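As written, the chain order gives the labels A, B, C and D, with residue 1 at the start of each chain.
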Amino acid sequence: MQLGLVGLGRMGGNMRERLRAAGHEVVGFDRDPALSDVASLTELAEKLQAPRAVWVMVPAGVTDATIDTLAESLGDGDIVIDGGNSRFSDDAPRAERLATRGIGYLDVGVSGGVWGRQNGYGLMVGGSDEHVARLMPIFSALKPAGEFGFVHAGPVGAGHYAKMVHNGIEYGLMHAYAEGYELLTASELVTDVPGVVKAWRDGTVVQSWLLDLLDRALEADPELTELSGWTEDTGEGRWTVDEGVRLAVPLHVISAALFARFASRQDDSPAMKAVSALRQQFGGHAVHKR
Amino acid sequence: MQLGLVGLGRMGGNMRERLRAAGHEVVGFDRDPALSDVASLTELAEKLQAPRAVWVMVPAGVTDATIDTLAESLGDGDIVIDGGNSRFSDDAPRAERLATRGIGYLDVGVSGGVWGRQNGYGLMVGGSDEHVARLMPIFSALKPAGEFGFVHAGPVGAGHYAKMVHNGIEYGLMHAYAEGYELLTASELVTDVPGVVKAWRDGTVVQSWLLDLLDRALEADPELTELSGWTEDTGEGRWTVDEGVRLAVPLHVISAALFARFASRQDDSPAMKAVSALRQQFGGHAVHKR
Amino acid sequence: MQLGLVGLGRMGGNMRERLRAAGHEVVGFDRDPALSDVASLTELAEKLQAPRAVWVMVPAGVTDATIDTLAESLGDGDIVIDGGNSRFSDDAPRAERLATRGIGYLDVGVSGGVWGRQNGYGLMVGGSDEHVARLMPIFSALKPAGEFGFVHAGPVGAGHYAKMVHNGIEYGLMHAYAEGYELLTASELVTDVPGVVKAWRDGTVVQSWLLDLLDRALEADPELTELSGWTEDTGEGRWTVDEGVRLAVPLHVISAALFARFASRQDDSPAMKAVSALRQQFGGHAVHKR
Amino acid sequence: MQLGLVGLGRMGGNMRERLRAAGHEVVGFDRDPALSDVASLTELAEKLQAPRAVWVMVPAGVTDATIDTLAESLGDGDIVIDGGNSRFSDDAPRAERLATRGIGYLDVGVSGGVWGRQNGYGLMVGGSDEHVARLMPIFSALKPAGEFGFVHAGPVGAGHYAKMVHNGIEYGLMHAYAEGYELLTASELVTDVPGVVKAWRDGTVVQSWLLDLLDRALEADPELTELSGWTEDTGEGRWTVDEGVRLAVPLHVISAALFARFASRQDDSPAMKAVSALRQQFGGHAVHKR
């Protein structure tokens, strides 16, 4: 089928290729003319036959502005799909704004990163049955072959919600491996840490795709000497903890993984300086001065 | 090759079958005569040609006693392999005791649970190069096909150490999935929780064997209504946290997963009663009486 | 000086008495006529000479509605003080609404609970220097004698912010005592747990007012048998964690204390059922059925 | 009464002064002749009339060696008191060794740090009623005036156990304040962070001696610019977590405080480098290189 695709960066560009390889007709727009098939969102809308479907794959910060501009060129019966990393709570207001013009809306959490083009993308979709049905050919092309990798998770918002939880889990999984890895490196007994990680890839309870990637990283750099421990976070982890707090769901593990990333970016935290100050005060403990 | 195998329970029994299927000659002993190939450890030793190799696969609590009894029937050049869930710190003393009789020792962390017979067992081995080389035909038969699933992790103790860390990571992984699962169930938006879990099995960052098992469990019981949240722990998680404490490795995630299991077994914890008591004292807050 | 006081419940009623004992003229209003000095907010405004100061001490859920109604009877030069448990982010919008009518605004975090009438209330104030100066006679009467117990923490919002952090810390402090208390009760060695708590009240690093209260609770009920561990939370702990997440401040301790309260209210959490399900799947571990 | 006192460092020296001020006769020994009243442990024993009581106040690492040497000069009916930071599990074996010579043993957890000489020391004592009774004059002189500050917590070991838990709680308390302090410093609203801390010292739920000390530290250095966040730990926190693990007591808060100290001493942790490596692998995320 025909699909408009707005945003042709690392993710969008790869998705365009996967869709075209599956026989779909993709009209892509990007601010970078070198990547773009059309000159403007208006031209993109003109190139598509109504009822149109336009997939928006832009950074979360510009999604609303992009969709609002795009909507001016769309009309009754068209559908906008947001596949970016929007916060789930932005979906319902966005759907309502589009609905006033008769435009439908689907939110899609897209997983898979740089591996998606080859392996397929995990898709978590929120929206109405009717809208999901219309986009199924596209979803089928993007998702991995086989029975997994796609879910219609619920009404508008549910797709990004499921993706948010996916990423929250990812924080916890990564940190569990990271803690175990550090303990192996600290052990006086284990002499082949990369070998242990590699061995775990089959026949064990901890085998996973993330573990495969850790092995891959250790193949390239067996002591990770090229990397620093300074680690970014990208929003979904924070939203997950906010949701745990809102819904009274204990998230000891996911929050600990998030907080460890925060701490990795601090050279000298005010909190630990306060601990030092207290130790000095009550115990006369020698403390580190700056 | 020939192998003595002591302990033919769920794990040992399956291993015997996998080894025999690979063409090895296994002489098994179990306290249960219905399972056993021989009547005693003495008879087991007699049935094997020197230099012998005897794999011990018994509960951690009786490993030392079993090995000490077994050693009386073994001699110079024989090897004992402990494939049970021993604490790594028990390995070196055990190896020293056996060495006084000229008996070698390997410690093997075995992963794979009930799935190992079919898929192969992940093996993490500690001991000398010479001893490992002698047992390689057995290890090759037990491990999964392919390049993964086996590591000679270091000297005596390193095998159980790597297995301990494996299990510590497993605690963290399971709890990360568990927290995410609970958040999905708490969400007002996600209407198909089992569907989300199933979708994650391909194309996502969180895909793993444990996730496959969670999907399998939800297929059988979509809301886990048959299960209670009361959850046991089996030692390795505790040892992992102890090692983190000893080696000053922060284990926020793994310890949180362990403590959550402890808490799952408490109806009414003294700690939370103390919190209730304090709230009542300072704020006149209404509290729950028993 | 003259003060209008809206809300004469446990906190407001005690504050009225402390203010009157200090010689101030308090005109109180409460929905309950038995507590109220006047019949309506309108009458309250009439009884006060301009420029008026009216302190609002009502549950957080009705603060905005109360202030909006009250503002209709107030005018240019008057001041509204919110001493309730508002979220700090509500203060600036509220101040802006009042400012359109020339009405000033102060936000005051009030600590001290049921003990405040006798000991004085800890006050954390947000607002302009001018407004704080006008209310200082009231603050001086409410705060404890001595040099502590009052701070002008910053502009509008800072008072409730400081109170929020105070309560977040309180969660952590209470849980630290609670964990230590549980460990004492679990010990095979300590035979006099209440005696240990009582001893800690002087000469130790852990002495505090909260510890005094724990001793008081144990005097009344040495094993806390009358209490359940089911523990409520009241908003500030959640807001504190939300702020840590927003500002990338690691809050391992405060979040753990909050999550432990969430968990105390769950009989059988979905998360722990998922852990049970996974253990059953991979290990054939016996698990608890409902 | 007469007391031998071994170890006249910061703690022991202050205790000697407090005891002498209370009228007791203290014969002190220290390896440093400038501090010592006698030239050797033998001479110390000779100066005391039987039945003797000798208080040992030396670093935990040399306690057993000191007591074993001392015991050679003591005899039937004498008592040794260990007031150092021994691990509780060392007490019973030590008591048994001394008992073979007829020497009694008390373990005493001593709190109060550099403030104890003036304010009195919090004392937590383990041992028999008879031995405690004999030392009561000494305990009474060391403890603070008033009804608190002393407990006979249980049999041998219970004193150090209670002190260990005291210190574990202290880790949690300090970290709760530290997290709150950091959040205040991160806030855009709070302009007077030291003022908030000072205000909390009275009329609030978080008032405590530790908070007094934090205010004292901020008086001297309002932004703690002189201190680094590198923070040591001294054993009791680790032992507390070990006990939580052994006794299945969830210690989310105390362990988090301990792990945060571990992390404060890491510039670049292997765990966070592993997280960086994984992010780079699956997402092509830009990561920090060293």
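By our rule, a contact is a pair of C-beta atoms (placed from the backbone, for glycine too) under 8 Å apart; a residue touches a chain by one contact, two chains touch by 3 or more.
Since the structure is predicted, the reported quantities are computational estimates derived from the model, not experimental observations.
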Of all other chains, the one whose Cα centre sits farthest from chain D: A
Repeated interface matching A-D, over half of the contact pairs identical, chosen among B-C, C-D or A-B: B-C
Length of the line joining the C-alpha centres of chain C and chain D, rounded to whole Å: 33
Between chain B and chain D, centroid-to-centroid distance (C-alpha), Å: 38
Where chain B and chain C are represented by their mean Cα positions, the distance between them in whole Å: 47
Sites on chain D at which at least two other chains make contact: 113, 175, 177, 179, 182, 186, 205, 209-210, 244, 248-252, 256, 259-260, 263, 266, 269, 271, 282
Chain-level touch network, classified as line, ring, star, complete or other: complete
In the complex, chain C residues that touch chain B: 10, 113-115, 174-175, 177-179, 181-182, 185-186, 209-210, 213-214, 216-218, 221, 224-232, 234, 252, 256, 260-261, 263-264, 266-285, 287-290
Complex contacts: residues of chain D adjacent to chain B: 205, 233, 238, 241-242, 244-246, 248-252, 255-256, 258-260, 262-263, 265-266, 269, 271, 282
Residue ranges of chain D in contact with chain C within the complex: 88, 111-113, 116, 119-124, 126, 143-144, 146-155, 157-158, 161-162, 165-173, 175-177, 179-180, 182-184, 186-187, 189-192, 195-196, 198-211, 240, 243-244, 247-254, 256-257, 259-260
